[in-house]
Amino acid sequence: MEKKPKNVFIEGAISSEFIGTSIAKHQSKTSIGAHNIFLGQVRADKSNGKSISAIEYTAYEDMAIAKFHEIREATFEKFNLTCMHIYHSLGLVKSGEICLFVFVSSPRRKEVFKALEYVVEEIKAKVPVFGKELFEDNSHQWKVNT
Amino acid sequence: MEKKPKNVFIEGAISSEFIGTSIAKHQSKTSIGAHNIFLGQVRADKSNGKSISAIEYTAYEDMAIAKFHEIREATFEKFNLTCMHIYHSLGLVKSGEICLFVFVSSPRRKEVFKALEYVVEEIKAKVPVFGKELFEDNSHQWKVNT
Amino acid sequence: MLLNIKYFGLLSEITGCHEEAIDFNGSTLYELMDLVFEKYPELERKDFQLAHNNEIVSGDMKLINNEIAFLPPFSGG
Amino acid sequence: MLLNIKYFGLLSEITGCHEEAIDFNGSTLYELMDLVFEKYPELERKDFQLAHNNEIVSGDMKLINNEIAFLPPFSGG
């Protein structure tokens, strides 16, 4: 049975409480031996002497949700995971705040290291999300991933 | 200047609130772009039909603290990290609870993936910590890492 | 055929809109791009990909529904 | 010389103690191991390493202080 795509988008920053609660929910799954978590945080990078104060994220949501679903299915196919969660911010995320939360769990640690890096790289490459970097003086530039 | 070794041991399980708070403390460090977190969780593995209900951790503490410090220094030497935190439980940790928390942060994601796996493998190989696996019927066996 | 064209990120700043309806009588996306470049000449010099039916597609793709998106480089995470 | 010998994990179950003082007049750890094996014959069949001065050491190591630890395989994490 094909699973229904989940919506992974969260309006605004992803809070540390949300992450903590998400970790706590896994304590009933006693076949898990290793969790690996990636968090993307907005950097206050400087450009022409001005600092980035926030990123405003937009997405081609229908396609993004389809791509997140494909990445999820491919990851479960490739690696022995017990569970996987992906959350990405939309809208405004200030510098120092978290915009991406990827959480993989497995009985064994070797699997989570390989799986997490795979998921994060796939998200960066395949999901149509766009970051508008806002400076303190209200000017902006479009984020380019490296 | 040589830094003083930190004590990384925590009595009992590492709570999800502790992890959440630790993440929150990094939001003032706006040069960070990527965090990577490893969590070791006690599995309720079965052996001869009995389930592991908890692990009791002991350590050769002086040597363990020295080894954690060496791993920390070597990791900062090898990878471009902004910060690193390691916590390991001593005493009783029930199945489903967290016994190891490793947290690395960097401006760039490539660094955190490499650094985190390095730190976890080094801890498993070099730190004198011993797990006594307790079953529901009060019998026990000694944990063997694979 | 009336197409629903979507523009994202930097591209939507050039077009001044996030989506618009364009009446299109060609068959491939190359023809559609020509039409759009005529309207927004600056777009031609930008780095973008086209998405159709939730996939990145090339210009020789034939349309299978009426929604096409112009996407600048992805920068999630 | 009075040595402080520590035993961990499974090894402490065999010796029945976590540490003990042993009077030792040899010079290398091989000689110390012989003394300990005489007291706890079962220990000789177990997988262990010796630690001295916070490092894993081999049996031909000369003592530089009076604390020696018998460590079973590590199983942290």
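We just call them A, B, C and D in the order they show up, numbering each chain from 1.
In this text, contacts are C-beta pairs under 8 Å (C-beta built on N, C-alpha and C of every residue); 3 or more make two chains touch, one makes a residue touch a chain.
Note that this is a predicted model, so its numbers are computed, not measured.
Q: Could you tell me which chain lies farthest from chain B when each chain's centre is the average position of its Cα atoms?
A: The chain lying farthest from chain B is C.
Q: Suppose each chain is reduced to the average of its Cα coordinates; what separation in Å results between chain A and chain D?
A: Roughly 49 Å separates the two chain centres.
Q: Can you compute the centre-to-centre distance for chain A and chain C, using the mean CA position of each chain? Integer Å is fine.
A: Computed value for the inter-centroid distance: 26 Å.
Q: Report the inter-chain centroid distance for chain C and chain D in whole angstrom, where each centroid is the mean of the CA atoms.
A: 73
Q: Any chance you could list the residues of chain A touching two or more other chains?
A: In chain A, the residues touching two or more other chains are 40, 109, 120.
Q: Mind pulling the chain D residues that touch 2 or more other chains?
A: 77
Q: Taking the top-of-page definition of touch, could you list the pairs of chains it picks out?
A: All touching pairs, sorted by chain label, are A-B, A-C, B-D.
Q: Okay, in this complex, where on chain B does chain D touch?
A: 40, 57-60, 62-63, 66-67, 88, 99-100, 120, 123-132, 142-145
Q: Within their complex, state which residues of chain B touch chain A.
A: For chain B paired with chain A, touching residues are 16-17, 19-21, 23-24, 26-44, 95-98, 105, 107, 109, 112-113, 116-117, 120.
Q: Chain B touches which residues of chain D in the complex?
A: Checking each residue of chain D against chain B gives 6, 8-10, 51, 54-55, 69, 71-77.
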